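Handing you this structure, nothing more for now.
Chains: A, B and C, in written order; residue numbering restarts at 1 for each.
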């Protein structure tokens, strides 16, 4: 579809500088854009590509507008404006309502007449599928699940019994909502399973990435609040609570019974130990292990960056002797202070 | 279902202090319990909630019993007693035996008449599904697989050809048992696949979490011994052996041909390199990389805990100069010793 | 099947030392081999097992040939020769062409008459399934997907709309190709989804492990070049480019818009941050976080190895005071130099 630059400016809530009637039918990067496409500049790393872009228009911040060789949409938040332009130019395809012939829907399930249930889906007894829900092919919706209006499971999603998904959620393939948590009691060395009877409860507008697992609660529920966005390969253990509008990037993980506040970001590969709490507005850097509660908003990091292997060999081997090194420095300080004192006595 | 406190005490092998006839129909946390529920105190973090609990009874250790405002079950291992009470109050639902109409079962597969095969399942030629096995919807059981009596695959589990699952195993959605290992030979820069012809063999009472992958062996089998418990998003590579009653938490990973002893615990996000061995009773902390064999039981850790970003910036940048720092400390020690010797000579 | 040692030598491009007519019907490890099996010695760790092996023949390097108690195949690259022998002795089973009755194939999809589509598969409109493709049971191939000739999806693979797989690829169960990337713009604290309209494009001879997710591009494509091998539980984010013949081991992860060169290796559990570049022939060690671009071929490491917990407690606590320690060493150096200068003045 094509829209005019004026229509896109309105959608993006951005200031139009250029031809309002310019027809735009695609979004492309600054480097790859062709005429007819709109591009965007949100990361300064890519500013070098602005001057030579073949895009017909660019979304950017006011500070970059003077350097723009073509029409532009000026926004305080160019990436947000870009998101809105994308949504306008690439609207979701609607799936036709109805249940695929190959789907198996239990007679005790309720499926809205406006919902779409794809090939090879299963919907168990007691489950409720809301209005305009799209369940793509190969999804297994177990018993007593609630899927709120407008939610979309792309394909191959498993939602275990009793789980609740809010409205307008988006769940990608391979995700598992409400699998058992890892609850084990030890009986003289052998592990005895603790039945997991809590639920996984997702609020509205939650996104869950591919191959992500959100375990059900042990007794209480695992709760993902409204607007939380979770990337691929993330693991959320039992009883975890994630606050509103928190985002968790790929391969992040949260151990059992931990609580993450609202408006937090957990970067890729970061992990939280169990039974801790993060305040609102806490930001955890990539590949960082959080081992204690964090009460104060801010950025927290424990990333150990890669170095050349030969450097690593000689430097990291010292890590296990750091305590010894610190003690030796302390001894030197004392020795030198004593010596200075003695010398001063001698000089006096 | 409701049970009396006396019945629960017997089940839990715990000492009853209070009314044997008290009816209990639920388990809840100390904070959330309502009358009729039993709660438990196993983690001292939650002791503060004991005094105000509205539970009708609490499972706890003898040391906490005097502080309990209600009836209690006293146990040396309150969490184990809790697990037993949970199992009594929340028994597994039995699935009716039989094969769902939508399932595809090869004519050369053997399925016990007491097994339950769910919607959209596939069972390949030569596979044997034992008594009372429950295979939930959307599971793909490839050729020549053996699933032992009483094992349950919750839903959407893939078991690749030739894999063996013991009795009473429990496998959660998205898990893949017996996928190919990562066997590659290098031919002048190009990778040549090494066919993976070993199997994945799971013992009895093994639990496998959501989205966990246990690769088949290259030549020998990958072997998961009896009673091993594996959480979600765990990766076990080819030829790995995991000993009896070892537990591996979420996002743990073991590279190829490594061996883990019995009664070990591998905490969340920990990883083992390939071709190493862990003795029995080795405990690896969260987010820890194990790069060498460990022969001695004990706890091993390499976790780098998160700190405030500004602190991280200045401290972690030093890591790559640690060797230099150590050398400078050594030089200082020598310099000062020499100086002391000279001063002594001068003073003599 | 059985082959003669001469046939295997030809296949393996190895020098035969022994009986050309010796019949070999299996490959086994040095320890487990029985007569009739061929074994291999590629890792010096296993040399100790050579003398006592019961294998009928062994593949090994010239340097080890004199120590071999049985016939042998001598190769400069014994592991590669082993791979070729494996492929000869354990050829892939051919699946019969045709579409399983339970599969749902859209009438607007094109499926080659030589392709095999398994039970419970879905193939969406506009998708093209090439010659000799094998799609195992439970795979969901969404709309407008292209699967090149000879590619095999083992089972339970999801390929999202518009994705492209080259020829002779091999994709293991639970893998998700072309799921949405994690594109979010922030609107006053709330996350707004950025539609992901790029594709996931895999070249020829790509292998993708179990439960691995390769996200589609945001605007540009995510591109996995020819010959790339990806293990289980790997996450590749949107817009990532992986160069030819690079291998990525289990649980590795690459954040968005990063580029990895050709002939690289990324070991298990290693992670790359977003928007960086690795040159060709870069090798990242296990459990290593790469936070900056690497322009120079070589090995890079940031692994923090596990130590005994008591040692960790005292040593790692020092990490957050490393800057202070370095400053104190610098102060000591200055103090001692000043003192030496003063003493020299005094002595003069």
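Convention: contacts are C-beta pairs under 8 Å (C-beta built on N, C-alpha and C of every residue); 3 or more make two chains touch, one makes a residue touch a chain.
Values in this document were obtained by computation on a predicted structure and should not be read as measured data.
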{"item": "When chain A is superposed on chain C by its C-alpha atoms, the rotation angle in degrees, nearest 5", "value": "120"}
{"item": "Interface residue identity across copies chain A, chain B - same or different by half", "value": "different"}
{"item": "Chain A and chain B, separation of their C-alpha mean positions in angstrom", "value": "24"}
{"item": "Multi-partner residues of chain C (each touching 2 or more other chains)", "value": "102, 120, 138, 156, 174, 211, 233, 251, 303-305, 307, 316, 319, 321-322, 325, 329, 332, 336, 339"}
{"item": "Residue ranges of chain C in contact with chain A within the complex", "value": "102, 104, 120, 122, 124, 138, 140, 142, 156, 158, 160, 174-176, 179-180, 182-187, 189-195, 197, 211-213, 215, 219-220, 233, 235, 237, 251, 253, 255, 271, 273-275, 284-285, 288-292, 294, 298-305, 307, 311, 314-319, 321-322, 325, 328-329, 332, 335-336, 339"}
{"item": "Residues of chain B that touch chain A when the two form their complex", "value": "27-29, 32, 43, 45, 77, 79-80, 82-84, 86-87, 90, 92, 100, 102, 118-120, 136-138, 154-156, 170, 172-174, 207, 209-211, 227, 229, 231-233, 245, 247, 249-251, 263, 268-269, 286-287, 303-309, 312-313, 316, 319-323, 325-326, 329, 332-333, 336, 339-340, 343"}
